[in-house]
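Multiple structures are listed underneath, in structure tokens.
Paired with chain B in one complex and with chain C in the other, chain A is shared by the two complexes that follow.
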Partner chain A sequence: MSHLLEVKNLKTYFKLNDQTVKAVDDVSYHVNEGEIVAIVGESGSGKSVTQYSGIKLIPQSAEIVSGEVIFEGSDLLKYKENSEEMRKVRGGKIGVIFQEPMTSLNPVLTVGEQIMESVMLHKQFSRKRAKERAVELLNMVGIPDAQERVNHFPYQFSGGMRQRIMIAMAMSCDPKLLIADEATTALDVTTQAQLLELLKDIVKRTNTSIILVTHNLGIVARYADRIYVMYAGRIVESGENKDIFIKPKHPYTIGLLNSVPRLDDPKDRKLIPIEGLPPDLANKPKTCSFLDRCPFKMEACEYSPAPQLVEVDKGHYVSCYADIKGNDWNLKFEEEFASASEQVIMKKEWKSKENNGVILEVQNLKTYFPFTKGIFNRKIADIKAVDDVSFKVYKGETLGLVGESGCGKTTVARSIIRMYEPTDGKIIFNGTDIAKMSKRNLKNIRKNMSLVFQDPSSSLDPRQKVFNIIGEPLIINKLVDSKKELHERVEELMRLVGLDPNLKDRVPHEFSGGQRQRIGIARALASNPSFIVCDEAISALDVSIQAQIINLLEELQEKLGLTYLFIAHDLSVVRHIADRVAVMYLGKIVEIGDWKSLYDNPKHPYTKALLDAVPIPDPLIEEQREHKVLKGEVPSLLSRPKGCVFSNRCPIATDECREMDPPLSVEENGHGVACIKV
Partner chain B sequence: MGAFIIKRLFQTIAVLFFVTLIVFMIIQILPGDPAQTMLGADASQEQIQKLREELGLNDPFIVQYFNWAAGVIGGDLGHSIFYKETVINLMSSRFPITLTIGISALIVTVIIGIPLGVIAAVNRGGAIDSVVVVLSNIGIATPNFWLGILGVYFLSLKLGWLPVQGYVSPFTDPIGGLKTIIMPVLVLAATTIASVMRQTRSAMLEVIHQDFIRTARSKGLKERFVIIKHGLRNALIPVITLLGLQLGNIIGGTVLIEQVFNIPGMGSLLVSSVFMKDFIVVQACVLVIAVLVVFANLFVDLAYRLIDPRIKYN
Partner chain C sequence: MEATQKVEINVPRRKSEFQKFIKVLLARKVVVISLSILFLLVVVAIFAPWIAPYNPYTQNIANSLQPPSKEHILGTDQLGRDVLSRIIYGSRASLIVGFSSVALAGVIGSTLGLVAGYFGGILDSIIMRFMDALLAIPPIVLALSLGAALGGGLVGVVVALGVALIPTYARLMRGQVMAVREMDYIKAGEISGISNLRNILVHVMPNCISPIIVLATLNLGIAILAEAGLSFLGLGVNPPQAAWGSMVNDGYQYLSRLPGLSFAPGLCIVLVVMAFNIVGDALRDALDPKLRGSL
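After this line comes the complex of A and B, so read on.
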């Protein structure tokens, strides 16, 4: 049987400043009809460019050097970028779902118009018929009131809804192939689960093939039939889903699997990061690209040309000289790795930090923002971003704060450090209430608490040297007496977070993402704080780098006795790092407890739904799991449901729930739930 | 939106009040006496005093202003001291001329500036782009009266293609009229074309790298369609803002251009009235210009909404 899509020896290079960046370097793969194929890789691995080369959606600086992209028997690379034939394939036979739902739709055209133009072009439908088709498609992807919503503009939809519209658009002309490029990465877990189930359903019904381009191994394990793993512009391993997850052969694949925390991990599992950075694609070595980071490298690897893909099992291809086989790979890997890197720390058995005493106690915290309207900007309502939240943080522990976007977790953090003024409630830090403290008195307290931000590239001033970035808190808080001391302290901080002090005169853009986050952490540590808020501190990083930063945070906690408030949306990461976890929904804490009782025995229906939605990077486990999908979307803070905030989406809600706001009732072991049904 | 328009109209009244008050004040401060000007150098002090009394020039400044303003509200723009005619009459022949030239300049700006800006952006770094960038720099740097003088020298005096000066209405004599206004309009529009071109180019450059343009391409739409339907509409907001601002320049520019080409429009009326200290006419001209600019900006704000549905008026 011939394949629907067959890519042979594709090479796509970028020409940048006289350098040739080999973004896609001799890549071959195929997709069969009705198949879900995953292309897995980290940023810069070339996974997206590979997909866009075939349909000529690549930037002008990119050039397809050689190769064939055979789709339904004809070579797409023969067609010019804007030729009739190419445009028939693009949108007509191959649909694309892009990553950013917020920017991928045209803001000034109605969603209906954007779907209709495709249908009118490829199917020659009249305007009237095209509109009917648009409504039908919106219904198919689960947009309520499609008849009316078809005339709305993208800004009137939530992120998840926009991605549904994107899917409707890509599906509008019944394509044979859908390319989903990190299509669910920007979405919350429950929305992500909804959309992936939708896509899977579409494949089943229409026999469309899907290429899932992603870095999320959990998604791959749950949905893909076959997998290609890409690294530095090449495919390093490919095979059936189970081959890759159960018998991975390439050190990079093994490394990826070891660096990701999983929902079913034992708590003392250490994350094994892949040390180092991917190679510079403009000066790629002639040898294996993974050589510098590979714990399995042999002497021969240093002298041999880059290895080719070899079939090691039926349908399972690997490009590696080292023959890693059998069940002992994990053992060997850990052994080799542990000796190669001192940063790997063995986690001790977990125990509660309650006896250490309380460092922070938040009592009935409310942070409201005014919602104004009209000529005189009258306040007509309060946006209750944080509504009556109470919790304690014990010294030396990590409290994880999880929830989907808009749940108020970041507002809680910013209220605690008084970046936002709390409307009401107490914030008792080390015994003093700072909720209403004057700015001047606050200054003395502030140096004891600091923040690590989400986006390491935008939260560092691009024009300042690392020395100034890290040194600033030292100077402001008068923690150093002399220039010499300042230099010493900055160097010490850089060493502490694993940066070379010789780089202190560089500016942020000369560092990689992971290194920049290290700078951010060093800055947070400068004033010797005892309490650090990590606001999605690792979510912008690639998985192999994430593990490095998680390990660093854990190591620093051990060394310096730090307390973390760790805000994240990734439940697996929080489970790995946190001692206790609080789950927020619409400005309220719905469940709180130590990690074990919360993850092993979740009580609130929302917590259960969140955990169900997180895929586990293991196809055998995924096969056993029932994929329950939480319906609906997080409502707006202005139209908060009556009674329990979760009542309109809750599978077990009754009339009682829609009337009474359940209090957070805490059991003896500290596990609290705000639900009257448990 | 209704509330927004009402709010803006109130603002407009305030703007008109201050603009006319300030101009009134400046005219008063300037040396020279309109009564003296009217009666000529030989007039006796007595005659002058008598005329001043008649014209109300002896009243305190603020009383004069409110007398004038009350007249305007009642629909009376007053009498010209110099022309001995009602201002309305004076304006009725000149205002249409200025309006014709101004609106033509605006239309020319839009139909030349925006397409060239788009073409330059799409062919960034290419030959057309370089030409457009150089032209727009020249256009912005060249004072338009000088461009007018150059045009008259070459096109009229040397080549004899166009009349040197004067004005014939294109509504009564299309060909002759066109010949008289083509040069003033192009000269007037030169700077605005240049800045609109530049703004369109940079706005388009930003827009064509947006994700939704890639989405549009992924649908297989024709490139021209992608650029115009998906690109240009998103790039228009800053261009329209600029057009609103340029309208003030165009109206201000007519004052100069009408001098250069000797066109009997409102600009030349304004200039001669300032010299004559014919403050009633000056006031009326300023009022009309201010009303034009203020309303043009209101239309710009309303146009935003048509282009970008996300813009709400608050």
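After this line comes the complex of A and C, so read on.
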């Protein structure tokens, strides 16, 4: 059987300075009709460039050196970049859904116009018919009132809706193949689940094939038929979904699976990060590119050329020299890995820390932002970003704060450290209320609490040396007496977070993303705080690096007795690291409890929906799970529903819910739910 | 706790920022030529007494309006003064006016912009409305009236041009500061209790300064041109002091007979202004870390 798309020995190189960056280095794969194929890899692995090479949507500095991209029998690489044939393929036979829904639609055209454009071009439809088609497409992707909405502009849609429109555009000319390039990465879990279910549905109905380009292993396990794993511009392993997840053979694939926290993990599993960094693609070694990070490397690997893909099982290809035909490979891996890295696989047994005493108590915290209009900045409403939130944090524990974007979790964090001024309520830190404390008195408190930011590249001053960045809190708070002491302390901090103190004279952009986050953590630790707020501290990092940072945070907590307020949208990560978890929705805490009772026995319908939406990187489990999709979207803070804030999306809501705002009722074990139905 | 002691060695290759900056800056030939022209200009201006073949002020009416010859390479003007020597001395006026007026505008303008952008609120409104008012007056009219009020001369020209240029710096700096202020690294400092002064000096200013440097370089050319214009209009330096603009003006009457009298200083103006513009453009590319990374 011939494949719908077959890529053979594709090589795409970038020319930068005098260096050649081998972004795609001899990649071959195929896609059959009606199939969902996933290309998995971390940033910089070449997964997107591979896709865009075929339809010639690559930057000018890139050059397709060799290879064939055979689509429906003809080689796409033979077509000129802007030729008639290529344009017929792009948008006509191959549709693309880009990552960023906010920037991939033209803001000055109505969404209808944008869909009609390609229909009229590729199908020679009249304007009238094109419009009908646009409405039909919007209906198909689940946009309510499509007849009306077709005349709206992109800014009138939410992020999830825009991504639906992107799908409608990509589907407008009945393509044979859809390329979804990290299409759901920027979206919240519930929206992500909605969209992926939609895509799956489309595949079933229209026999379209989809290439899912992603780094999220959970999504892959849930939706993909076949998987290609890419690393440093090459495919290192490929096979059926179950082959990859149940019998992974390549050390990188195994490492990747071991480094991701899962929703069904035992609590005491320690994440096993892949140590080191991916190779510099400009100076890629001739040997296996995973060599430096591979815990299994043999002598032969050091001098042999990069391994080729070999079929180890029917349809399961791996490029590795190690003897990987044996079935006990996985077990052997874990054992050897554990001894090789001298790490214990298990964390200490989890214990509740409620007896340690309270370090922070937030009472009825409200943070409102004025919503102004007109030239006189007249205040017309309050944006209630945080509305009456109360919780306690015990000494030495990690409180996870989860919720979708816009739920107010970051505002809570920033109010606690007084980056935002709280409107009302109490923030009792170590016995003192700091909610209304003056800036001057606050200085003494701030030594004891600090913040780790989300984006390590924007939170470090690009023009300061690492030494100055880490040393700054020490100087400001006069915590060191002499230059010598300052140097010693900075070096100590760098060692503590796993950075070589010899690098203290470098500037942030000389470091990789994970290392930058380590610098940020070192800065947060500088003034010896007892309480640290981690605001999405790991969500900007690649999965293999995430594990390194999570482990670092856990080790630091144990060593220094730190208390964390861990803010994240990734529920699996929070489950792994947190002792207790609070779930927020529209500025309110809807459920709070220790991790076990919250994850094992979620009570609030929103928590249940969130947990349902998180995919687990294990196809066997995914097969058994019921994929319930939460309808609708998070409403704007200005049009908060009456009564219970979740009532307009809640599957079990009744009229009663729309009238009464449910209070957080707490059971004896500390598990609290704000819902009148439980 | 073995793992925390383990150190990551794979840090990207080291290449100093300055080396990269120089490499990008000197990537194009035209920039190298422009820099050489400017370097030559500075050398000439500083060592004018030693370089100039004649005293630029010595008049010799008997020898006036001579075409170029062996003794006077560019000929003599209507008062018999050596044109080459006057051009060499004139470079001083151009440089003094250029640098002082830009320095004046740059320092005052960016300070105002910094204060307005950093503290915001009512202070911001007051400063910026004042700047808007200044901006509303056409710069050449402003310079003319200020020059006339201050009675011409070098100081008058410098102040006039300086004041006229202030609003651009204030606007640019304010925008930069407002963007940088929102960055997480500024917030990180604020959380650890940094003082405003330290925050401004250590974090805000260094991250806002590159566009100001670029603008200053571009403005040097503009200021030199404006000085020439004012001198041409008779509001520049006082005679008998030499300035390129006034020399163009003086030679203007003899354009048909001795075009060199006007063209030679005019060509100097063109060259120097162009050189400053090219260097300014190159600086903009070289100072941007993002563009720098791509080269």
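Keep this in mind: the second predicted complex is superposed on the first by the 664 of 678 C-alpha atoms of A that agree within 3 Å, B and C clash if a C-alpha of one lies under 4 Å from a C-alpha of the other, contacts with A are read in each partner's own complex, and residues count from 1 in each chain.
Just so it is clear, a residue touches a chain if its C-beta (ideal position, glycine included) is under 8 Å from a C-beta of that chain, and two chains touch if they have at least 3 such contacts.
This structure is a prediction, so every number in the text was calculated from the model and none was measured.
By the touch criterion stated above, A:603 is placed in contact with neither chain B nor chain C.
By the document's definition of touching, of the two partners only chain B reaches A:57; chain C does not. Applying the stated contact rule after C-alpha superposition, one finds that A:122 touches chain B and leaves chain C untouched. Contacts of A:107 after superposition: chain B is touched, whereas chain C is not reached.
Using the contact criterion defined above for the overlaid structures, shared-chain residue A:276 touches chain C, although it does not reach chain B. In the superposed model, A:392 makes contact with neither chain B nor chain C.
Considering which of chain B and chain C touches more of chain A, the answer is C. In the superposed pair of complexes, A:477 makes contact with chain C only, with no contact to chain B.
Looking at chain A, you'll find no residue that touches chain B in one structure and chain C in the other. By the touch rule above, chain C contacts chain A in their complex via residues 1-12, 14, 17, 183-185, 187-195, 198, 202-203, 206-207, 289, 293-295. Residues 16-17, 275-277, 280, 292, 341-343, 417, 419, 442-443, 446-447, 450-451, 453-455, 458-464, 468, 472-473, 476-477, 495-500, 503, 506-507, 509-512, 515, 520, 523, 526-527, 551-552, 555-556, 559 of chain A touch chain C in their complex.
Residues of chain A touching chain B in their complex: 55, 57, 82, 86-92, 95-96, 98, 100, 103-109, 117-118, 121-122, 153, 155, 166, 169-170, 373-375, 377. Interface of chain B with chain A (complex): residues 3, 7, 210-212, 214-223, 229-230, 233-234, 307-310, 314.
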